Amino acid sequence: ADEVRLQLQWVTQAQFAGYYVALDKGFYGEEDLDVSILPGGPDIAPPQVLAGGGADVMLNWMPSALAAREKGLPLVNIAQPFKSSGLMLTCWKDTGITSPADFKGKTIGVWFFGNEYPFLSWMSKEGISTDGGPDGVTVLKQGFNVDPLLQRQADCISTMTYNEYGQVLDSGVSEDELVTFKYEDMGVATLEDGIYALEDKLEDPKFQDKMVRFVRASMKGWKYAEANPGEAADIVLENDASGAQTEAHQQRMMVEIAKLTAGSNGTLDPADFDRTVATLLGGGSDPVITKTPEGAWTHIITDAALK
Amino acid sequence: MTTETTTQAVIEARNLDLVFQTNDGPVQALRDVNLTINKGDFVSFIGPSGCGKTTFLRVMAALEQPTGGEITVNGMTPDEARRQRAYGYVFQASGLYPWRNIARNIKLPLEIMGYTKAEREKRLNEVLELVELSGFEGKYPWQLSGGMQQRASIARALAFDADILLMDEPFGALDEIVRDHLNEQLLKLWARTNKTIGFVTHSIPEAVYLSTKIVVMSPRPGRITDVIESPLPKERPLDIRDSPEFIEIAHRVREGLRAGHGDD
Amino acid sequence: MTTETTTQAVIEARNLDLVFQTNDGPVQALRDVNLTINKGDFVSFIGPSGCGKTTFLRVMAALEQPTGGEITVNGMTPDEARRQRAYGYVFQASGLYPWRNIARNIKLPLEIMGYTKAEREKRLNEVLELVELSGFEGKYPWQLSGGMQQRASIARALAFDADILLMDEPFGALDEIVRDHLNEQLLKLWARTNKTIGFVTHSIPEAVYLSTKIVVMSPRPGRITDVIESPLPKERPLDIRDSPEFIEIAHRVREGLRAGHGDD
Amino acid sequence: MKTLIAVLTVLAVIIAFWYAACLPMNIKGVLTQAERAGAEVVPVGAKERRDLGEIGLVLGNQFAIAATWSQDRPRLPAPHQVAVELWKTTGAMVLKGKPMSKRSLIFHGWVTLSATLLGFAMGTGLGILLAVGIVHSKVMDMSVMPWAIVSQTIPIIALAPMIIVVLYSVGVQGILPKAIISAYLSFFPVVVGMVKGLRSPDAMQLDLLRTYNASANQGFWALRLPASMPYLFTSLKIGIAASLVGAIVGELPTGAVAGLGARLLGGSYYGQTVQIWSALFAAAILAACLVALLGVIERVVLKRMGMSA
Amino acid sequence: MMLVILAALVWCGGWWVNARLANGPQSDSRGVQLLVPVIFGVTLLLVWQLLVKGLQIPMVILPSPVDIAVAFGANLSKLWQDFLQTFVKGALSGYVMGCSAAFLMAIVMDRSDFLRRGLLPVGNFVAALPIVGTAPILVMWFGFDWHSKAAVVVVMVFFPVLVNTVAGLRETSAMQRDLMQTYAASYWQSFFKLRLPAALPFVFNGLKISTTLALVGAIVAEFFGSPTVGMGFRISTSVGKLSLDMVWAEIVVAALAGSMFYGAVAMVEKILTFWHPSQRG
């Protein structure tokens, strides 16, 4: 069997259910693939692992991948199982925020690590400065939990529909205490959780073939997970060695994830790509990319996989 | 000044016992020690290593608590005498503080006892003169030879007005010539100030040359085996050491020592 | 054995100079030192602190390089002699290794020089006997008194067949009785083995009692001021120290010392 | 015995203080929850309470005091909460017969411990080698030592992901990357202590060997090495604690798959403060055990060498 | 390949020059003592540069020293801002607070044998709490700005200084203490004239260890939440952007600041403990 190493961009959770299902259900095996899944962590950059040859293929958010491409690492999107973005801002209602214009003078927790760009371009679209002051927002580099909101150190924090938002609710907060802004709704959504490989490796027909089989099996996994969220969540839980995940949490995450993967068969919609690029180019002073990237995606793999 | 009979007892030890509790069991450092030291006496303690000379001196200075018997200093307990700053103590090694230069080392007791600045300087210069260290006040201890360090530590003990001077082998590390010289100086100082001096040494000639009273001690358990009153006059030139009286006393001390020297 | 005239020169120093470079400028530790030591000599070095006794001994043992003049040992350079393991050296402090018991301390040079196991045990027992430490071989240094430690370190230097024994104030820390005893032992050993011995001491009686040749040194710069050949016989009971010859030599040594003692 | 009483007293005071500290630390969270559940809280509204003093809130809402010691996700968990969690994840797991389940701290502790021990062995080996080189070669002494100090001013947490990526790229995965990071932290105390120790023989002890014409090699085994043992053990104790921290840091970027670091991180992601605290204490207990173990070895070794009185 | 061979040559060359210098006649002069480590460092940098270029290691894995220097030069003001935030506000303030608190605590423990017996083992235990676990907690408690960083630093430096100071205050020899006894000196007299000076070499030992801990602690804490400035913030976000040159530029700042901080404390030590055998040389 051909070996494929997949680098995730976060710890094992239902966000990556499709791949774990494909592994567990033997879909990879059916394609004669021997896949190993490498969990990520808070400060591991999947593009770096790919560049170092530690993995063959990786998952990434497009802003980060495009930034890497401009840094000279030729990443190519070969499939896009996530159709829509799950990123949003979650605010306390009692802060009086009802629309983006009310952000002025507030403190907002943002994820960095390349994920700040959608936020920055959103703010620049709204004409709000991001370096504090009464007319701007004070930005915090948020860790990966919801404490800043619960402790009221921030008025708003970044959350994923499938994970952190649920945690906020889990801690006893009811939905009507909160106001949420989905990036998707604000028109500043960027593509999340795409499958990327290195350009030069893709020129090798054997590698191409491997990727075709990989994407085919992975999408089969995703569709299975969408259809059987309960079973998928259990599979994820079994694969989590840290023992930190809870059943209920993964169940709900799977349900939310299914909403994001719905509507994608794995093929990247060029319109989505263009919208992402436009958002990123519209960013503030220190833009993640300075020009429209060329050749940052390909349909070769998905075309072959889905035909 | 020479033959004024001073019978006023300064230190009186009665049936003194001291047992150290160690890991290997109790060590009897002093057993049934009786001794009277009068005002103006120069008392030497001599005896083999480990016979309790240092321990006895430390008991007198309230640095060690006896476990039996009693001891009075000027009619008080040693600890009360200590609080009244009755002691100048010279340790076996010089024990200067390395972060103070010679002048500040000598002024240390004066600072602690609250002497005025002018007084401190005056006394500093006096004792520097006495131990012939003038000109070295700015040096640090490690910049001086062992002999000079020892002299500085003697100066430190002399700088304030202690009635009782306790010296634990102060000249052990010095060569014969320097030692002779300091012996002479010490005798002069003693004659001049009428201090009471307790002096530990390993050297028989030194003990005989300096003392009015020689206490011979013996180990296991530490006890006094002989107390020899010296008939030598208070005025003692160096060549008194060739006189028959001197040689006789030295002989008696040596015999006393040898008797206490079982094995080792 | 007593009057066999051995005129074979073992150590010859000619115009030896040694200058230490220190932070405060150069220190002349030895200046123009000339000395011949013959086979079987017992040579004592005496002089005030800092006159270069230790330095001279160290030059002989190739532990220090002279900066001028020349010195030969058995016709070779000291370093060649060192490689041939010609020296037994006893340092001022005992310098036993605390992690080795007495037996293993004494066997240390034997191990390094590659003696067989049987030979090591044999020699160990011999020298233990000699310094009267049999029964203590299993003890660690800190379990012994200072005198016993010093004896162990002498045993260590005697365990292997060094022709030349260099001893730097080996008995400095001991009390008079023990010292007398060891002096006697050392003389006996020397008479029996006909070793050549270099011996540093601060004590005039000790130097006179032990030596065939007394070298008086003087500081700043370190130099030899007098070399006194002793007329005393090789056989020396302790009470030889009361003989007129003895007292005369002692007197000469004292005068020589005093002369070299300008200040300090 | 005296020490034991003193330690217990201090512990009792700390625990009492800890319980007291739970009141102000957790009161806001408790009140917010109570309010949601319909209780009457003064003042009303979490936003109004945000900038008020905690002590005042505690006094004004005394009904909530007990709740500050039993919150689900407290800012400061109470001692018994941590103790219960520790028990649930260790002792109870053993009783249930699955000590190596992934919810067991014994399992995670073992994962971290194995990396710690490997890294400690590597770091100690490297440290001793460097120290031997530094003592025997003047070039190494003058050039390596300053840079060894500089190496410790680099924040390991910044370097760790890079070390892991570089090792990935040469195909090394699993326990080794963690061990290397842990070695990076532990070699330094060993170098410093061992250099000090190998240089501790005084001039006289060295000269003695010169008069025997001993080789450098003989000098090392007969003198320098034994003389360095007390120093070595002191630095080993510091080194093993550093190793443990290194192994935990190394677990963060490797996907935090398992180990105490993964528990810390997992706890932090999901706001499980009790889990963080129990993992923290497990790590500290592990470190204390390792240091104590080294202390025992030290005593035995030094006693055998006759170096302890 | 050429470059790799060249790197090996440079390494050997640098080593050879150092060997000549270190074993040469001037080896104890200050100049040579500075020069040798510098040559070693430069050699290391050259070898790094040549290997990165020679083996064509991608910049996103390991940038070359030249890349790092360029990034350093191009981002001076950003680096300075980060330095102020992390070093001056976080590390330095935490260092001062932690060391002073530890020092005062040590005095209290020195006066009470009971407290010393009780607190030292507990203190050693607390000191073993890994910083990656305590940092997120302290960020949660003290907020995102430098206060939480200072708190982390306080926790990190407290115990090394405490343990060393307690040990130092007990370091006086029995004879030195007895001397004070014979003078009937009061506690504070013997504290200021004896125990404190005697403890200084130990105190500085703790202070020196703490310099590196302080900076590392402040940086690590920023990984768990920070405002949008700071060395730890920059490092963690730059990795995400694959700006490895920027990451290394910050590491260079950290190494420089850490070494200089260490050097400064070591210099004060040299001045205050000139009398100690280890300083007399």
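Going by the order they are written in, the chains are A, B, C, D and E; count residues from 1 in each one.
Here is the rule we go by: a contact is a pair of C-beta atoms (placed from the backbone, for glycine too) under 8 Å apart; a residue touches a chain by one contact, two chains touch by 3 or more.
Listed by chain with UniProt protein names: B, C = ABC transporter ATP-binding protein; D = ABC transporter permease subunit; E = ABC transporter permease.
What you see is a predicted model, and the numbers here were worked out from it, not measured in a lab.
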{"item": "Distance in touch steps, counted as few as possible, from chain B out to chain D", "value": "2"}
{"item": "Pair of chains whose C-beta contact count is the highest in the structure", "value": "D-E"}
{"item": "Chain whose Cα mean lies nearest the overall Cα mean", "value": "E"}
{"item": "Inter-chain centre distance, chain C versus chain E - centres from mean C-alpha coordinates, in Å", "value": "50"}
{"item": "Centre-to-centre distance between chain C and chain A (centres being mean Cα positions), rounded to whole Å", "value": "84"}
{"item": "Centroid spacing, where centroids are CA-atom means, of chain D and chain E in whole angstrom", "value": "18"}
{"item": "Contacts with two or more other chains, residues of chain D listed in rising order", "value": "75, 157, 161-162, 165-166, 169, 252, 268, 309"}
{"item": "Shared interface positions of chain E, touching two or more other chains", "value": "61, 136, 140, 223-224, 236, 239, 244"}
{"item": "Where chain C touches two or more other chains at once, by residue number", "value": "none"}
{"item": "Contact pairs between chains, per stated definition", "value": "A-D, A-E, B-C, B-E, C-D, D-E"}
{"item": "Residues on chain B engaged by chain C in the complex (per definition of touch)", "value": "48-50, 145-148, 174-178, 202-204, 254, 257-258, 261, 264"}
{"item": "Touching residues (chain side chain D, partner chain A) in the complex", "value": "28-29, 32-33, 36, 45-47, 50, 72-73, 75, 101-104, 107-108, 157, 160-162, 164-166, 168-169, 173, 252-258, 262-263, 265-272, 275"}
{"item": "Chain B-touching residues of chain E, taken from the complex the two chains share", "value": "173, 175-176, 178-185, 189, 193-194, 197-198, 200, 273, 275-277, 280"}
{"item": "Chain D contact footprint on chain C (complex, rising order)", "value": "58, 61-63, 82-85, 87-89, 91-93, 95, 97-101, 108-109, 111-113, 140, 142"}
{"item": "Contact set on chain E toward chain A in their complex", "value": "58-61, 136, 139-140, 143-144, 222-228, 233, 236-237, 239-244"}
